[in-house]
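In what follows, chain A forms one complex with chain B and a second complex with chain C.
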Partner chain A sequence: MIVLLATIGMWVAVVVLTVYTARHYFFTLNRLFGKHRQPYVDIVAGEWPTVAVFVPAHNESAVIRDSLDALLATDYPRDRLVIVPVDDRSSDNTRAILMEYATREPLRIRPHLRDGGQPGKAAALREAMELYQADVFLVFDADYIPGPRLLRQLAAPFFDPEVGAVMGRVVPLNVGSSLLTRLLDLERAGGYQVDQQARMNLGLVPQYGGTVGGVRRSALRQVGGWRVDSLAEDTDITYRLLLAGWEVVYQNRSECYEEVPETWPVRIRQIQRWARGHNQVLSTYLGRLIRNPMRLPQRQVIDGVLLLGVFVVPLVLIMGWVCAITLFFTGSRPQWGPMAVLAVSAFNTVGNFAAFFQVAAASRLDGSRERIRVLPFMLLGFLVSTFAVARASSSRSSWMKQKDVSWDKTERYRGGNGNGGSNGERNGPTAEAKV
Partner chain B sequence: MTGGLAFSAVLAGTVAWITLPLIPAIRELLNPRDAGPLDAVGQDSGELTFFADSFRQFVQSGGYAQATDGMMLPDGRQVVLASAATLPAADLKRMGLMVAESGATLAGHVEYPAEIYGNGDLTIGAGAAIRAALSEGQLTLSPHVTALRWVHGERSLAVGDGSQLLGRATSRGAIALGRGVLFDRVLAPYIVVGEASVAPSSLSTTAWEVTDSRPKFALARASAVLASQHWLVDENLVIPDGHVFRGTLVVRGSLKIGANCEIRGSIKAHKRLVIGQGTVITGAAAGRSDIQLDARARVYGPVISEGTVTLLESARVGLPSMPASVSAERIVLHAGAEVFGSLSARLEGVTAS
Partner chain C sequence: MATRSTPPGVDAAFTDATRRGSTGDTLRKLGVQGGRIAPHRSMIGLRASPALLLDLLVLPSIMLVSVFVLLDPLMRAWRWIMDALRGPLDLGDAISTTVITLAPSIAVAVPVYQVDAGWPTTAQLAGGWIFTAVLASIGAALRGGFIPVGYLLRALAMMQLAAQVWFTLAGPPFPYSLAVYGSGLLVTGVVILLLAPFLVGATFFVFDFPLHKKLSLGALLLGHLAVLFPLQATVHVWLIKNVSMLAMPMLFLVFGVLLDVFVYVALYGWAMSWRSGRELDAVVRRPPVPSRRLRRVSPNA
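Moving on to the complex of A and B:
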């Protein structure tokens, strides 16, 4: 019985890993040799939609000035832009800073201050967005620093009436702080430059990542607004828009700086939070996606399913290891002897390097020559992520809707204090690079 | 003993082999050479007049606009003054910048290797090849001129038949494109295929009037309501001539809009999109495939295609008060086609011969 279960478990792991390995290579080869699809990047003239930029904040005094200054310096038409910092019961100086900016720029900066209601980014956004009628809602976390043209770049895709959400590219700012930040820099590059853009190129499912992006107000309202019981409201909205017939698009040239975690415990908490949120979305939408009531193209359904499963893969991987070891010690002989040995050798030669290949390709596409040298250390990052995600994915809470979602802090490092504010949520689909 | 040695040797070799790729990694970690943030944020030169504006600033801040004989650039290359004469080849080889007086005409069939600055109106002779040119007045490119990087006519830009604009062509006034002109990216308040003197005189500056007795088009089968007045249609769709439709349409098949229709919203088709003669779209037109604007068709918002956009005779995109972009892999403009805004052809733009 044990042998049978271990055999099944191992083959499930082999199939899943083979599929995801093929996916890595497919995306990477597409980025290296395929057509680069960016249909909205050249739109420079048009009746620009009205835009409300929401900046959710909870104890962000260390970073929010930089973010607001950068947003005020953007070239978006002044009469079509309002910036709404959403302060959710901060206990530091955040609120005073927001009021200072509101006094200085009363027409463009309109803080939304929360002292009650459900805490958390999704709840804060949901409450604030109901007060605004702009055509497009953009969201930036409080540590993000957009370039001067970014708002136009993110608004341009909404001229396309099928686009429900847009996602820009996140670029780490504190790259040189530690080995971890250097690894996350590479991982982000792989996640955006290759993974997201390949999905865009192939007409698959680029993912809205909750920041450096936005949604069309009418689409958001049509699908019911932000879910406040989700740990990954960004992934959640991606799938609800997809299932309602909207398109989510990715803009690789719409870059914005962010801070990434500098210490491993912070990173582990972050990725476990992503895993739990993502798995909630998996349990909620997998069935509907497979039933495909909107008659989405099959490629989108398949990609959507694979994207939903990325945080389950580490669990499957560990299961495969356990099953293989079990089979070894029970004396089981590999099925199809030489073929199995050949397959394992082939996978070790090619499959294990899929994610490294993706990151290396991304680094090359970015024109980074030296930073790729730290690539071998990514093995360390992968192992940490694998066990952290597997642990999160194996917990029961990972598959349940949350009753009490609150702010889950990711430390800020700008200013050197490391104790800044918070950011409850994901920064895009970058965990993909670790699968 | 021999077995232990062999084992140790194999082990040491294996460890060394595994450690090998870590050597550059450790060196980079200990002595970082590329640990700054990616230099990408805000670094795009997406403003189409970026090069022209930078060049003007360079010329004016360096005092080259009023250059005198023998003036040199900091790198030792010559500032060449041009009036109307043909320039000797020797001068061109050492040329770092050419400054032309107002009204100058540069000789044709010459390769000008550096940027040209015109204090007023400037004409480039037929068959010339220029790197880049900025005129503070009207810039005229005679037939078969090749511009390798960018051209800017502050007041207007006239492009002769058969010219090639390999890069950016901009003006703060009007751009008139001749026949058989190749282009990549063009920006001006008014772009027309035809005579430079053609002006957008008779255009309304308001988007549209809601005084219409034409029949309203009703969707027979809508796959989904995406939002209020916003529909997704799962099959090919034809809107008959002379109908009005209020709302926004996304069609997963092809979309053909008949003549003299009016769509009060935006449209998108996954397959071919044809906008009939004299039809007006008050919003944007997007397509995953080709888009064709028949004669006198008008789209007030941007036209975005992942295939070819064709503007037939006197078709129009944008309004004087509402500029719009045309962005596609290929753009084909026929005589009299007008764009208030910009053209961006990722592979090739061309005016009909």
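Moving on to the complex of A and C:
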């Protein structure tokens, strides 16, 4: 009985991992050789929509100046842009900095200061956005440094009336700080340069990542606004827009720098938060997505389901290992026959390699040739991610709506040591390379 | 009416491109003075061509045929290596042969150490428990930048713990003999050698590297694995013979095929950093905003 269960479990794991492997490989080939779908990148003139840029902040004094300076330096028409830093109960100097900028640029910078209500990024955004009537709401985390043309690039897709949300590319700024930042740079490259762009090319489901992107106000209102009980309000809004028939688009050309975690404990907390939030979305929308009431194309449904399952894969992987160990001890291996040995060997040699292929291809496309040499060290990153995500995914909180969502701290490193900045930044696709 | 003069290089490059029958796409990328306008990294990609298709089909086929042709000499070389190590490492009196049929008309004679390992003694089991505890303790104690190593050690400890529990509760015989295990490793090695051309083809030959670089990685990988497999099998057999069957599970699950895969990951990571001299070398990612410019922090931060 144990042998039978272990055999079934192991082959389930092999099948699941093979599906994700094929997906990695297919996406990479599409990104390398497929026709690039970047339909909005050439829009440089037009009757630009009114844009409100929201910058949620909680103790961000170390980084928020750079972000506001960069936003003020963008070339978006001044009369159509308002920047709304949303301070949620900061206890450091953040609020004073925001007031200083508001005094200097009263027409363009309008801080929204919160001292009560539910804490957290989603709640802060929900409250602030209800006060503005701009056509498009863009969101940047406080450590992000947008380039001069980024706002136009992100606003351009909204000329298309079917587009409900847009996502730009996140590029790590502090790449050389540690081995971890180098590994995260590779993961980010794989997640955006290949994964997101391939989804865009194929008309699948690019993911809105909660920052360096935005939503159409009317679409947001139609689907009920931000959910304040979700740990992954970005993934949540992606699926609600998808299920309501809106298109989410990815702009690979619209790059913005961010800080990635420089220490492993911060990274572990970050990826566990992503996993819990993502799994909440999985439990909420999987059934509806499969029932497909909006008659979405099958390819979008399949991709949507696979995307939802990304953070369950580490659990499946560990289950597969446990089953393999069980089978090893029970001596079942010889009974599989040469073909089974060949199949498992083939998977181990070719299958497991797909994630490395995706990351290497992305870095090569990025022109980051020499950075690929740290590729073998990604094993360590995968190991940490697998166990951290598996732990998060097996927790009860991972599958239930949160009663109390609060700011989850992500340390900032600019200006010296990591200090207590925060945001709920969550760049889902970056976790893809882990699978 | 003033006329703008065209930089001299443009005329030459334009003429040259036109003479070669270049497409509008080529001309569109023609920069000032004949230079090439490199596309942004978000736009760059590769172009499927008959030459690439040829690379994808022919090169792996050549590699595969080479492996098949060299299998017999390779097995003789493995036997020679194992025979040379057998004496000093006390790994039996002779090297025997096991014939493995890979396909209906393809068989390979894999050399095998004729040794066996016993069921772990009480002392060996106790040593195993201590080893497991040390692994777990070090794994749990590692902090900071060593956290991933800590995870690795704890994973190894968990795997060894499973072996400890098994050998404590179960009784002999163990399902695998050391000789069968050793030959299994080498047979898996042969299978990997046969799969390697397809792996390199699918993951490296698709890029725009010149032919000699593609062949170089293929040769490096096959050469490396061909030397690694008998040495890997020898180390496994020696360890298991001296430490008992207690070492077999971890060696098989972690330092077997998984290690072989990471040999390719390492070589692949290196090869992917080579210059191609073509499309993908056109983009060079410059460092982002200099960090010095960003180190302005408010006094109270």
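Definition applied: the second predicted complex is superposed on the first by the 429 of 435 C-alpha atoms of A that agree within 3 Å, B and C clash if a C-alpha of one lies under 4 Å from a C-alpha of the other, contacts with A are read in each partner's own complex, and residues count from 1 in each chain.
The rule is simple: a residue touches a chain if its C-beta (ideal position, glycine included) is under 8 Å from a C-beta of that chain, and two chains touch if they have at least 3 such contacts.
Keep in mind it's a predicted model, so treat the numbers as computed, not measured.
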{"item": "Joint occupancy of chain A by chain B and chain C, clash or fit", "value": "clash"}
{"item": "Partner chain in contact with A:W48 - chain B first, chain C second, else both or neither", "value": "neither"}
{"item": "Which superposed partner A:F27 touches (first chain B, second chain C, both, neither)", "value": "neither"}
{"item": "Contacts of A:Y101 with chain B and chain C, given as first, second, both or neither", "value": "neither"}
{"item": "Chain B versus chain C as contact partner of A:L179, first or second or both or neither", "value": "both"}
{"item": "Partner chain(s) touched by A:W226 [first = chain B, second = chain C, both, neither]", "value": "neither"}
{"item": "First, second, both or neither for A:S218, with chain B first and chain C second", "value": "first"}
{"item": "Partner chain(s) touched by A:R295 [first = chain B, second = chain C, both, neither]", "value": "first"}
{"item": "Touching partner for A:E255 - first (chain B), second (chain C), both, neither", "value": "both"}
{"item": "Per-residue contact with chain A, leading partner among chain C and chain B", "value": "C"}
{"item": "Chain B versus chain C as contact partner of A:R373, first or second or both or neither", "value": "both"}
{"item": "Superposed model, chain C segment overlapping chain B, candidates 44-52, 62-70, 80-88 or 170-178", "value": "80-88"}
{"item": "Overlapping contact positions on chain A, where the chain C interface meets the chain B interface", "value": "145, 169, 171, 173-175, 179, 253, 255, 257, 366, 368-371, 373-376"}
{"item": "Contact footprint of chain B on chain A as seen in their complex", "value": "37, 39-47, 145-150, 153, 159-162, 164, 169, 171-176, 179, 182, 185, 189, 216, 218-219, 221-222, 244-246, 253, 255-257, 294-295, 366, 368-371, 373-377"}
{"item": "Residues of chain B touching chain A in the complex", "value": "21-22, 24-25, 27-29, 32-38, 40-44, 46-48, 185, 187, 223-228, 230, 232, 234, 248-250, 265-268, 283-284, 286, 300-302, 304-306, 318, 322-325, 327, 340-342, 344, 346"}
{"item": "Chain C to chain A touching residues, read off their complex", "value": "40-48, 101-102, 144-145, 147-149, 151-152, 155, 159, 162-163, 166, 170, 174-176, 187-188, 191-192, 195-196, 198-199, 202-203, 206-207, 249, 252-253, 257-258, 260-262, 264-266, 268-270, 272-275, 280-285, 287-289, 291, 294-298, 300-301"}
{"item": "Chain C partner contacts - residues on chain A that touch it in the complex", "value": "25, 29, 31-34, 36, 38, 61-62, 65-66, 92-93, 96-97, 145, 169, 171, 173-175, 178-180, 193, 197, 252-253, 255, 257, 263-265, 268, 321, 324-325, 328-331, 333-334, 338, 341-342, 345-346, 348-350, 352-353, 356-357, 360-361, 363-376, 378-381, 383-384, 387, 414-416, 419"}
